[in-house]
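After this come two complexes, each holding chain A, first together with chain B and then together with chain C.
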Partner chain A sequence: MQGLTELLLLPLVGAVTIGVFKSVVPQRFAGIWASVLLVASFALAVLADIHLAGLPAGHREISGTLFNWVTGFGPKIGWNVYLDPLSGIWLLVITGVGALIHIYSNGYMHDDPDRGRFFGYLNFFIFSMLLLVLAGNLLILLIGWGLVGLASYLLIGFWYHRPSAVRAAKKAFVMNTVGDVGILIGLALLYVRFHTVTYTGLFASFAHATPNTAFFEWTAVLLFIGAMAKSAQFPLSGWLVDAMEGPTPVSALIHAATMVTAGVYLMARLYPLLRLAPDVRYAVAAIGAFTAIYAASSAFFQQDIKKVLAYSTLSQLGYMFLALGVGAYTAGVFHFMTHAFFKACLFLAAGSVIHALGGEQDLNQMGGLYKKMPWTMASFLAATLAISGIPPFSGYYSKEAILGQTFNSGHDLLWAVGVLTAGMTSFYMFRLFFLTFFGKPRNQKIYDHAHEAPAVMTIPVVILGILAVVGGFFGAWLNGWLAPVFRQYPGALHAALEHGPVYGTVLAVGLAVVAFLVAYWLYISKNTPARAGIGQWPGRWMFAAYGLDTGWRYVTILPIQVVGSWFRDQLERGILASVVGVANGIWLWAEDLRPVQSGYVRRYGLSIMVGLGVVLAYCLTRV
Partner chain B sequence: MLWMVLLGIPLVGAFFVLSVKDSAAKTTAAVVAALEVLAFVAFLVGPKPTLDLNWISTWGIRFHLSADGLALFLLGLTAVMTLVAILASKREYGRTYFFWILFMEFASMGLFGAVDLFLFYVFWEVVLIPVFFLLTGWSGVKGRVAALKWLIMNLFGSLFMLIGVVAVAVIYQENTGHFSFEISHLTHLAIAPAAQPWIFGCFALAFAIKAPLWPFHGWMPDAYGESPAPVTALVAGVLSKFGVFGFLRVMLPIFAPEMARYETGLLIWAAAGLVYGAFMAVRQKDMKMVTAYASLSHLSMIALGIFSLTAAGILGATFLMVAHGLMVGGLFLILGVVEEKVGHRQFSGLMGLNQGAPRLATYFMFFALAVLGLPGLPGFAGEYMIIQGLVVHEVVFAVIAGVIMVLAAWYMLRLFQGIMQGRPDAPAVADLSRGQVAWLIPVALLVVLIGVWPAGITSHAVPSLFHAVHFVAEQGGIN
Partner chain C sequence: MRYLIPEVVVAGGALLALLAIVLVPKAKSLGSWIVLLALLAAGIDAATMWHVTASLFMSNTLAIDQYSILVTELVLLAGVSSLLLAWNADRFGEEFPVLLALSVIGMMTLGAAANLLAIFIGIELLSLPLYILAASSRTQAGGEAALKYLLLGAFSSGILLFGMALLYGATSTLSFVAYPAITAANTWLLWSGLALVIVGIAFKLAIVPFHMWVPDVYEGSPTPVTNFMAFGTKVGAAVILLRLLAFGFYTQDGSWGTLIGYLAVLTMIVGNLLALPQMSLKRLLGYSGIGHAGFLLVGIATHSVDGAEAMMFYLLPYGLAVMAVFGVLRLIEGNGDEVTLSDLKGMAYRQPWLAAVLIVGMLSFAGIPLTGGFVGKFFLLQAALFASQPGLAVGIVVGTLVGLFAYLRPLQMMFQRTEPSEKVQKVRWTVASVVVLTVAVVGTIGLGVYPEPFVHIVSHSADFYWLTGG
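Moving on to the complex of A and B:
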């Protein structure tokens, strides 16, 4: 299958070999070995895509079955593998950005005594993610989906002696399980009706189905819940911010560039289903837009460099869902790609900063670092301009395409939210940039020890910085590359990239520029400290992400605990007492029966006669 | 002949173990159990003969055993888990302990193989004995209480089952004029409508107590808590399957119309246990109790699959029985190791044992993930098939099962993290020994194998279950 099996197995081999040999072989080899395998995977991914490009436009797909997953007289599902231009894009980003982050991690984790385990997990993540996008049916996708959740859990809780990391890992896993269950029930419903869960089989049946029935609305909702959980859309978003407890390369790879975009992949893949469920499609757009503005405003007052980036990830994922919901599928994928570049760059650059400051993540301790870390600063700036949507940086093109198409499709309100969010993004990102790299050093001691990261870290950051600058020019190519995918089945009429009205673009860019100026005025001219505003309303609210976690706690965790305690302390006692009840019952019964065994034969004889009589009478009455 | 070997090895082996010295008992028992695994492998790869002997001909009772698709992998589960449990047991337990373990294996093999209702009942009773003695002789302070509870509750259940067995046989005799206890003969019985719920209830009660299913689990906390880890692993891993197995082996063929009629009630009953077990597991402070109530919840999940009366649900239930046995058995053995290291079973807050015991942490996490239903591992495969069965006409139960899967993630991670993680200053405990890893690896590999390739089991489960499902279909209980 054009090297797909090898591509899939390479990182798995890496994870297993590192797991088995990490206590025998020196730790530094783990990082090198894992990185070499990733580069090889990237090469295989490129070859696979080249092969795909060589096929005629309408037939760009590679598929096969490895072996049966389940057979018997129930469902029949196989390990189907499927590659088409859509998964091909994800393949390139996963292995390409993944390889850069693997290389970077060799520097970042250099002093960690347990880094063999880290690289084993990292390779395992890549395997799971590849399984997710190469799956040819929803069930295998779900297996990959669950395994990336596990990889994320393992890496968030990598420093398992920290209680906060342990809690964050559990939260991420449990919230993601909500999504897994959504997909599970959704695919089960689809199987009952269509007797298959392969993409090709399902989509072929969808082409003749009647839209807008309750069946399709419900299946689409269930699958969307899966996408929401993995892509941290409101209200399943809290885990992603806590996930920043993991090492920074993990935040870059899993919690920004790849895993969290799995929901975007799923929804783009399922566009024929969204056609049949227009209400759900609108919900995708609305929740996306809401998450975008909700997360952007939550980022305003964050004190931790990684938390700002985490909220910005949420916000950008919201843009992608907005794109999918309004039918701008190519724009959504485009934004996924540019986001992978600039967000990975931002996180890795932030990692370099944290590394240079000896693990400090608090913005109140930073400032003035541009002198010490010029390369990191330059890359960070490029990525900040990209995410803020300033032309000609990459984010401008993809965001413009999303906003333009939202407008063209008549979603005025969602468009306005998107434009406003663009301005807000620019504000909080430049706030972050200025607080980190400019102004006077706020902690002289930490500042004095700061240094530029080693080349093994800087080079990947710079490469990603360059991609963040030029990534926007891939748009036309992407348009052509994805066109056959979205033409294959009905449901994606306006999938291609479109331009909105000029005044819309001017408005969005203008807002971003104004926000930049405001950030400059506040944090450079007036030298406002990072913690300004979090003490009072509305800063306190926004800092706490509007109390979402507390809300979840009161709606789910506490009721379950209260009911569970009631079961444990009240109901269970009754059930345990039932054993004693049975015992007593038997005892009493035995007491009652004891006089029967009197020892007198004549009494036994009488009993037998009476018994026989009763049986006889019974039989006679029945005849 | 192969059946003679399969039943003979543990039975003869058990008495042989009694004759050796205490110090050699563990090794001898392990060899016997290993031979039994080999005998099972011969069964697996070769033809699967049945053993059918005349036993009590006046009443048509036969000594009839068969390794059909339903029983085959449960026999394998019994063989594998017995071997692992013996390897995990302490040498000091002495020969009587190993005698009872092997005797339990014999009884379990017989029970899973029996296709004669009377023979099934005999093994059902026989298996009570070894557990009773294992609980009295080798358990914690409350071991005798636990043993008594086990015996009283299960005898109580068996009593009703005996009534049921006799009733079914008498009805068969009324229908046809002669006696037979052959389960395949007992289908299509004409049971008087007024008698149906009572006879049905007799069996259901016995099966529910043995499993246990909520709210008949009164014996469970003490028995699971007090017995040594290998015995808990066997009781929770293998013996707990008897009850749900009974629903498949006995109820489905004989009472298919009744099951279809009471379906909604049965589903509600199973769902109640599912929810109850999970909520209890979330609130336990004793590590063994978390797993015990998780097991209660999962047995209800299996029951839910059976009660869905769909091909997918029943297939999922048979698969999950085997998978659950391996997973929960492995987890209880791990917990036994942990208990031995820290000296108690309570966990509160974060204990942080991971420090210095990475292998223990790895295997612990693996089994916890398997139990919570991680996609790619067998718990997920079984739960998928059950949910696939439930969505056919009872979507609401599929949703309940889904919610409980989320809770399972919560209580299992709470258990694992609570014991292993979250403290930098935890006292270092010794890691798993090579010997312990040696018996954990095969279980873990089997779990991975059937998780990645459930078809290996489900493709065998066709012949016998297919009849059952089709019979239900005739009754209009399936689509």
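Moving on to the complex of A and C:
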């Protein structure tokens, strides 16, 4: 299967070997070994995609079965592997960006005494993610989906001696489980109705189905809930910000470039289902747009370098969902790709800064670092320009495509939200950039110890920075590459990239430039401290992400607590006591049957006779 | 008589072992060796018949098909595992292997029965040695268990036999393979007979409310015998109920299907619920056996090929998990003392391998993915859904959830960091038990990861509708 099996198994081999040998072999080999395997995986991914490109346009897919899982009773379920141009893009990004981040981690985790475990988890994550995108049916996808959740849990809580890390890991796990349950139920509905879980089988049935029936709306909603949880869409977004407790390379790999885009992948993959559920499709777009603006405004006043980036990730994921919801599938995938470049670059550069400052993440302690860390600064700047949508950097093209198509498809309000968010993005990103690298050092002691990161860290950052600059030029190629995927089944008429009106572009870029100037004026000219504005309304609100966590507390945790204590105080004494009484009664009844005495065996006999009477009566009514 | 060779080999082994015990009293394990070889030889011989053309023989009394061969293999596995668990343990008496072999023949007969008389003979041949085996530990609890089992067993045999008499009265034939042509005539005689027969078999299968003997008998019997009851008896009773109902009465599924469905849901929920408060590991396993009987009934209740396949499949992961758990229990209990859950404390640290085996077995009981138990429950759920019986599906889910708590309690105990109990410290491994535990663990995980080969086998054997018109 064109090396897909090897490609999939290499990271698993890495995880297992590291797990087995990590106490025997010096720790630094773990990182090197893991990175070598990932680079090999990347090479295989490139070869697989080249092979795919060599096939005729209508038949660009490689499918195979590793082995049959279940055959014989009812439908066959196999460990199907399926590669088409859509999963091909994800494959390249996961292994490519993944390999860079692995290499970077060799430097970043250099002093950690437990880095063997770190690389084992990291390789395990890559395996799970590859399984997710290479899955040929929804069941295997769900297994990969669960495993990436597990890997993310392990890596967020990697520093398990920090209570906050453990709490964040748990939160991520719980919120993701909500999504997993959604997918599981949706999958079960599809399976019972169509007796298959493979993409090809399901999509073939979808092609003849009537749109807008309750069945499809429900199925799509359930699957979308899964996507929302994994991709941290409002209101299931809180966990992603807390997930920043993990090591920074993890934030770059899992919580920016790859895992959180699994929801985007799922929705793009299931576009024939979205055709059948137009209401859900609109909800996808609306929730995406809302998440974009909500997260962007929450990023305005954050004090932690990684939290700003976390909110910006939420916001960019919102754009991707907006694209999927309005049917701009290629634009959504395009933005996923450029986002993987510039966001991984931003996170890794931020990691270099944190590394240089001895673990400091507070913006109030930074400033003036451009002299000490020129390479990091340059890459960060390139990525910031990209995410802000300044032409000709990569983010401009993909964001432009999304906004243009939102406008063309007549979603004026969502379009306006998207344009406004573009301006806001530019503001908070430049605020972050200026506060980190320019102005006067705010903490001289930390500043004096700062230094440029070692080459093993800087080179991946610079490579990603270059990709963030040029990534946008892949648009036309991507358009042609993905066209066959979205032509295969009905439901993606306007999947190809489109241009919006010229004034839309001018407006979005203009807002971004204005926001840049405002940020420059505030944080360079006026030298406003990072802390400014969070004391009073609306800064306080925005800083707390509008109290989403508190909201969740009121909506879920508190009611459960109230119900729980009511159960404890009232029910335990009342109903529960009687249940326990019945249980005790049964228990005692069973207990006192133990001695062999004719009177007691008679009770067993009585039970049999009563049962016999009922069965007999039942059967006789059937005559 | 080619088809009877496995039975003959086992019977010959039993007789030879009996002679050996009498003639060579010094060679203590000679009887066990003879029976072990006989069981293995019978298994190999049965396997060579796999591609046989299904047919009836002995005046339509017995049937040979892939169904009966699979049953033979399963009960032989149960027999071998019990024999190995009792290896070199004098206190069960030297007749242990002989009685075990006789009981195995009874179970093999049930797999092949095509006639009510064969069913009755099979059930009695299965039960009589078990009454003795239940008492073989010669403790007070053992005596109680055996007596209880005997009294209630006699009671249910009476019900079964009476039911058969009524069926004969209604149809004028004992050969139930001929029933499909006759049962179209709905008479009260026929239905009373069927009701009584179902109750008689349900007793052996431990269906609620005919289950009460199970925990007591499990608790009082020696562990190898319990292992045999939990695995072998369940296989024998389940397969004959399936063949009798799904074939003999297949035109009448509308009536018995619902009845079995109700019994299945009741058994799944009650069995697992009662497993929750148990402190004795063996009683817990007794109730778990009841719960699993309910799961088996689901396959029958759906009355579809899917359901029959699902039930046949479920027997193996269930049996392997039984072997794993009882094997561990056998090692912990030492001289046969009661093992309570608190005896398991600290086991994960003191006896990590033993704990790992117990974890695999318990997770398979609970139906956790990547174990055979999960795949089995999945098939049952699928069969229930495809047969449009959501009530059964809900029953499976509820039963599984309740069971999950019951099975996780022992595991939780094992991970408590306290000084391990005396029992756990004194565990002495034997080669025989290592063999049993290895087979159980490898099989359980193998079925969970790669069930296809066994699925293939089952899909052939569960297709026993060839008898139609026979």
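Note that in this section the second predicted complex is superposed on the first by the 554 of 623 C-alpha atoms of A that agree within 3 Å, B and C clash if a C-alpha of one lies under 4 Å from a C-alpha of the other, contacts with A are read in each partner's own complex, and residues count from 1 in each chain.
Here is the rule we use: a contact is a pair of C-beta atoms (placed from the backbone, for glycine too) under 8 Å apart; a residue touches a chain by one contact, two chains touch by 3 or more.
Only a predicted model underlies this, so the values are computations on that prediction, with no experimental measurement involved.
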item	value
Partner chain in contact with A:A40 - chain B first, chain C second, else both or neither	neither
Partner chain(s) touched by A:F67 [first = chain B, second = chain C, both, neither]	both
Winner by number of chain A residues touched, once chain B and chain C are compared	B
First (chain B), second (chain C), both or neither touched by A:V192	both
Partner chain in contact with A:L12 - chain B first, chain C second, else both or neither	neither
Contacts of A:V563 with chain B and chain C, given as first, second, both or neither	first
First (chain B), second (chain C), both or neither touched by A:V610	second
Chain A positions touched by chain B in one structure and by chain C in the second	67-74, 192, 583, 586
List of chain B residues in touch with chain A within their complex	148-149, 152-153, 156, 214-215, 217-219, 221, 276, 279-280, 282-284, 310-316, 350, 352, 354-355, 369, 374-376, 380-381, 383-385, 387-392, 395, 398-399, 402-403, 405-407, 409-410, 413-414, 417, 420-424, 426, 453-455, 458-459, 461-462, 465-466, 469
Residues of chain A defined as touching chain B within the complex	67-75, 139, 142-147, 150, 157, 160-163, 166, 169-170, 173-174, 177-178, 180-182, 184-185, 188-189, 191-192, 560-561, 563-565, 567-568, 571-572, 575-579, 582-583, 586
Chain C contact footprint on chain A (complex, rising order)	67-74, 192, 195, 583, 586-587, 590, 593-596, 601, 603-605, 607-608, 610-612, 615-616, 618-620, 622-623
Of chain C, residues touching chain A in the complex	143-144, 147-148, 151-152, 155-156, 159, 186-188, 191-192, 194-196, 198-199, 202-203, 208-210, 212-213, 215-216, 254-256, 259, 274, 277, 306, 309-310, 313, 375, 378-379, 382-383, 385-386, 450-452, 455-456, 458-459
